[in-house]
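Please go over the structures that come below.
Shared chain: subunit A. Partners: subunit B in the first complex, subunit C in the second.
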Partner chain A sequence: MFQAKSRKIKTPYYLILPPQFLIWVVVIFPLIWAVYISFHDWNPTISPQRTFVGIGNYLAVLRDIRFLSALGRMLYYSGLGVTIQLVLGTVIALALVEYIRSPRIRTTVLVLFLLPMMMAEAVAAQMWTLLITDTGTINNILVWLGFSPVGWRAKELALTTIMIVDIWQWTALPLLIAYAARISIPEGLYESARLDGASKWLILRRITLPYMRVPLAIAFLLRFMDSYKFLDKVFIMTYGGPGTATELPTFYLYQTAFSYFKVGYGAAMSWIFGFIAIVAMFLFWRLAKSV
Partner chain B sequence: MITVSVSHLVKRYGKKVALDDVSADIEGGSFFCILGEPGAGKTTLLRIIAGLEIPEEGNVFFDGKEVTLVPAQKRDVAMVFQDFALYPHLTVFENIASPLRASRMEENRIRDSIQLVAHFLKIDHLLDRSPLFISGGERQRVAIARALVKKPKIALFDEPLVNLDFKIREDMRAQFKLMQKEFKQTIVFATPDPVDAMSMADQVLVLHEGKVQQLSTVWEAYFRPANLFVATYLGFPPMNVIEGELRTINSQTVWQASSLQVEVTDRVGGEREKERTVLLGIRPEHIVLGEEKELKVRWEGEVVLSEVVGSDTIVHVRVDDEVVLRSFVPGIYRVAVGENVKVGFERGDVYLFRENGETLAFPKRFWKGE
Partner chain C sequence: MRKKNWGRFFGILGLVVYGIFVLFPIYWTVNTSFKEVGDVYKVPPSFVPTKFTLEAYRFVLQGTGRIALSNSLVVAIGATLIAVVLGTMASYAYSRYPFTGFTNEGAQFNLLTVRMFPPIAFLLPIFWLWKTLGLLDTHFALIVTYSAFNLPLAVWLLKGFMDSLPRSVEEASYVDGYSFWQTARRVVLPLIGSGLAATVALCWIFIWNEFIIAYLLGGTDVILYTAYLPALRRGMRIMWNQIAALSVLAIIPSVIILVLFRKYLIKIYLR
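Coming up: the complex of A and B.
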């Protein structure tokens, strides 16, 4: 009797053991291991010897100009890029609802906008790489229209080019979220506002945007998280170059740990980078709640 | 105060005809009631007057000026929706203020206007609250305040009482009437409940399946209904209707349904020859139970049901194999099921309808102007 009871209680624990094991092996242990490594100087290609350096790695990362400028680039790329995606997505979603009355046409247009998002990141990056070469399709069109060709992958423009490609691919996500948020606003509120004599601008400001606030904040967060860990397009389109012009923290981190094999230094950098993410999310939620 | 006219309105939703050739004049300053069952076209008519819908045929006039295609924003009309459509993210004050903000009124004038209307509707204490956290009755008063605060040319109410409980509904009926007098506001009020119409309306438009059944004062619709639909719709409990035939017996015209007879010579005039099947209508409130010597028509029957509604009683009496009459007895009237009772009514209170529902004869009571 007693045995049966205790077995019953234990069963759930047995059941979650396999995933528990996986999480420990794949997530928790590497995290702890990374903390341990980050206090050491270790290059496994030179020697298996790990030298304890205390917080030396951390101090070095914080003084590393290359890391700090990569952070600056990420701020530009994420801040501007995600904002544009969000604004553009919202505007398109509102325009779809406002100007396209036929549900069938509206769905068709929406699906067309969503197509880029359904493409694999690597495929999109490869496709755009071909389009933006100096003699690629885009420059050919520009020349045909009478403009001079643009050096899309030149030092000054490369990061912006990647940003544009990312906007092309990912505006669909905030668009989808904004569309869903907009059509869930009760139509009665709009009719009520029209009877109040409210202008379209006032309706947008007093009904539509306040209603869409939370879904839009979530869309921003999702895109910001994605851009934070952003790597694929840089890797394929420019490989961080020319020079370090498109080197984002993730790419520099990858280089440090897996190309230069400065593993301890890389671990310290990833902890700092992770900490910044936590602080950013925390600030973001505080902000989202207060608005 | 303006006069609103609609003429020959037709509106379809797909195959369903919501309004079928509807015309009406709504006088400035009057309380105008649109009465009809759910789906009769009441809301559609309100929405066309408001400018939220455009009719397929017909026109809308405000003081003789055509406004059929003028958008809602420019009509200066207010509407209280069935679900109130308050902005949940704004306070009660901001909800009421929204039409004034749209017209760019000065802040202190906004405050004064809201104070005035909020005081009248007894919602001053709610102004800082969110509409999510007030009761249904309060929410409705907020919606009314929002409609009245801008002093619209015309205020439209779409079944505002149906979502409220019985007690509040009673209070609100009185409030509506007072409010209309206080603000000298033209009110168009759509409702499925004839009690609303009878307690508040100056004029009533009875709609059925998109067609106008009657447009008249509410008492005229009650005493002189245009057809069987209006007759049975206005009044609670609904009118008793018995199918019978007109016969000539000893040179008198008699309505007869098996054992039941009512002499109606002076009521049908020369029409008696043409009519065979005739429906007889008698309102439950005109049927008296017991021995009343004065009454001209007296039948006998057996009580099949006695229901107490509020503080009155409705007694169902079987007077013939297939005929059960409802009698409305004021007060609580105790009678046992199965008991034999006498029912009686005045000949003059009887309505007669043709087989197609058209009214053949009204009760005499109204002719004397009683």
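Coming up: the complex of A and C.
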């Protein structure tokens, strides 16, 4: 017993240190460097000279119209897009459990529905680009059926098109989570509710949805984080264009840091964006808990 | 009774419509990958290739496509190995030894920042780190970066599996005279085996699917398939059949993993 106890105190550090070392070198140390550089004006393509500007970069980002409108676009793209994914995913999951009795068929259908989620965002974006270019498959089919072609990548529609692709790919995640939550509700609850003569609508409102609230909040959180995090679809489908019509904050960040090489400015922007994102997440989480 | 049947009818109809929405782009990609390039642009579109050909696959597997796919494979396997091995070590320690304050909380914090922060925000400093070290565009930089990014996920998943393993199993093994490493190898690892496999699969898929790190840290000497995809679109006449063929090849391992680990996916995402 004594031996086991002393083992407990001695062993862990060599188990912890290598992973922590990796994280510190590749993630945390560069982040600290990013804080340092965000107080400087530095464009390595022009000169190696770094000029100290204090919080000037931060103030400039907060007044940058292009950044602010990118944030607005994110609100539309992520807010609306993820809400649709969540609602659609929940409805499909409930329909799956309600209308498909055979467990074998149900699993097969579920696996088919999860397919888009497993592939790279870049691949999904390429697949859809083939469908939505001006002479792409969808327009070809529309013309063939006698409709006029739609400018899926035109200024007014481009962001919505990307949002549809995101819905296509990622409704699978809330669907999976809602499905798991639904089948974990004890069947006895439904039986006794039916015995009491409760209507389907009442069962849905009083049993199913309350049980699924926390998993669905988690699903929303996971999806929201991923949808503002990734720029793959924008990068491949429209490259931010036409103009700046599909420029989300992450893509503007990419442009600033890797096309215009305004490294200090980009670092400041990434901190502001990260801060906004984290505050939004915490607020949402508090809200989800309190409702 | 009649009302119920109508509800069922519309329910199934809804599922079918959603199924078409989900499967059509995939079907179209597979369809395109077997076409000749002239066939791709035809109006009305051909729903099966007018002339079935493996030309696109042959081209992809002979040229840069094969290099890109094998680079992706090497990087994904290497990074997954590092992430899971280090993740197993850390998660075992976090699960079995109550650390006070900093380390445990610190691990949680690492995880949260890595998950919430957009990768592009990390990439700005990481890009300059590798550039300063002269390691940009190498397998090494990609593998190390990917393993660091996936380590928190591995720790998080594995800690859950470790926590569900009763401690008495290990105590019994110590009583039987096994050393620490023997216990780890012969008792703990086999018992969490399936959880370990699921973690490997998930990490692997995240790395295999990643785009922006591959694009910024690689791209010339070491090109991964995700970074190669946009390059295929340049030029006057886009070779959509080749893009489709590469996409199909890239999706196959993910589909296999999905089918093998379908039961675990639910557990993993709900934790």
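Miscellaneous remarks
Just so it is clear, the second predicted complex is superposed on the first by the 277 of 291 C-alpha atoms of A that agree within 3 Å, B and C clash if a C-alpha of one lies under 4 Å from a C-alpha of the other, contacts with A are read in each partner's own complex, and residues count from 1 in each chain.
We adopt the following convention: a residue touches a chain if its C-beta (ideal position, glycine included) is under 8 Å from a C-beta of that chain, and two chains touch if they have at least 3 such contacts.
All of these numbers come straight from a predicted model, not from anything done at the bench.
Steric overlap between subunit B and subunit C is absent once the structures are superposed on subunit A; the two fit side by side. With both structures placed on the common chain, the touch criterion links A:P186 to subunit B but leaves subunit C unconnected. Between subunit B and subunit C, C contacts the larger number of subunit A residues. Contacts of A:R194 after superposition: subunit B is touched, whereas subunit C is not reached.
Once the two structures are overlaid on chain A, subunit A sits at the apex of an angle of 80° toward subunit B and subunit C, using CA centres and rounding to a multiple of 10. In the superposition on chain A, A:F284 contacts neither subunit B nor subunit C.
In the superposition on chain A, A:F261 contacts neither subunit B nor subunit C. Of the two partner chains placed around the shared chain by superposition, subunit B is the only one that A:I207 touches, whereas subunit C remains out of contact.
When both complexes are overlaid on chain A, the residue A:L231 reaches subunit C alone and has no touch with subunit B.
Of all Cα pairs linking subunit B with subunit C in the superposition, the shortest spans 9 Å. Within subunit A, not a single residue is touched by subunit B in the first complex and by subunit C in the second. Considering their complex, residues 186, 188-189, 191-199, 202, 206-207, 210-211 of subunit A touch subunit B. Of all the residues in subunit A, the ones that touch subunit C in their complex are 3-4, 7-9, 11-12, 15-16, 18-20, 22-23, 25-31, 33-34, 37, 88, 91-92, 95-96, 98-100, 107, 109-116, 118-124, 126-131, 135, 137, 140-141, 143-144, 168, 173, 176-177, 179-181, 215, 218, 222, 225, 228-232, 235-236, 249-250, 253-254, 257-258, 263, 266-267, 270-271, 273-274, 277-278, 281. By the touch criterion given at the top, residues 50-52, 71-79, 81, 83, 85, 87, 89-90, 98-99, 101-103, 146, 150 of subunit B touch subunit A in their complex. Chain contact summary for the complex, subunit C toward subunit A: residues 8, 11-12, 14-15, 18-19, 21-23, 25-26, 28-29, 32, 40-45, 82, 86-87, 89-90, 92-94, 96-97, 99, 103, 106, 110, 113-129, 144-145, 147-149, 151-152, 155, 171, 174, 180, 205, 208-212, 215-216, 226, 229-230, 233, 240, 243-244, 247, 250-251, 254-255, 257-259, 262, 265-267, 269-270.
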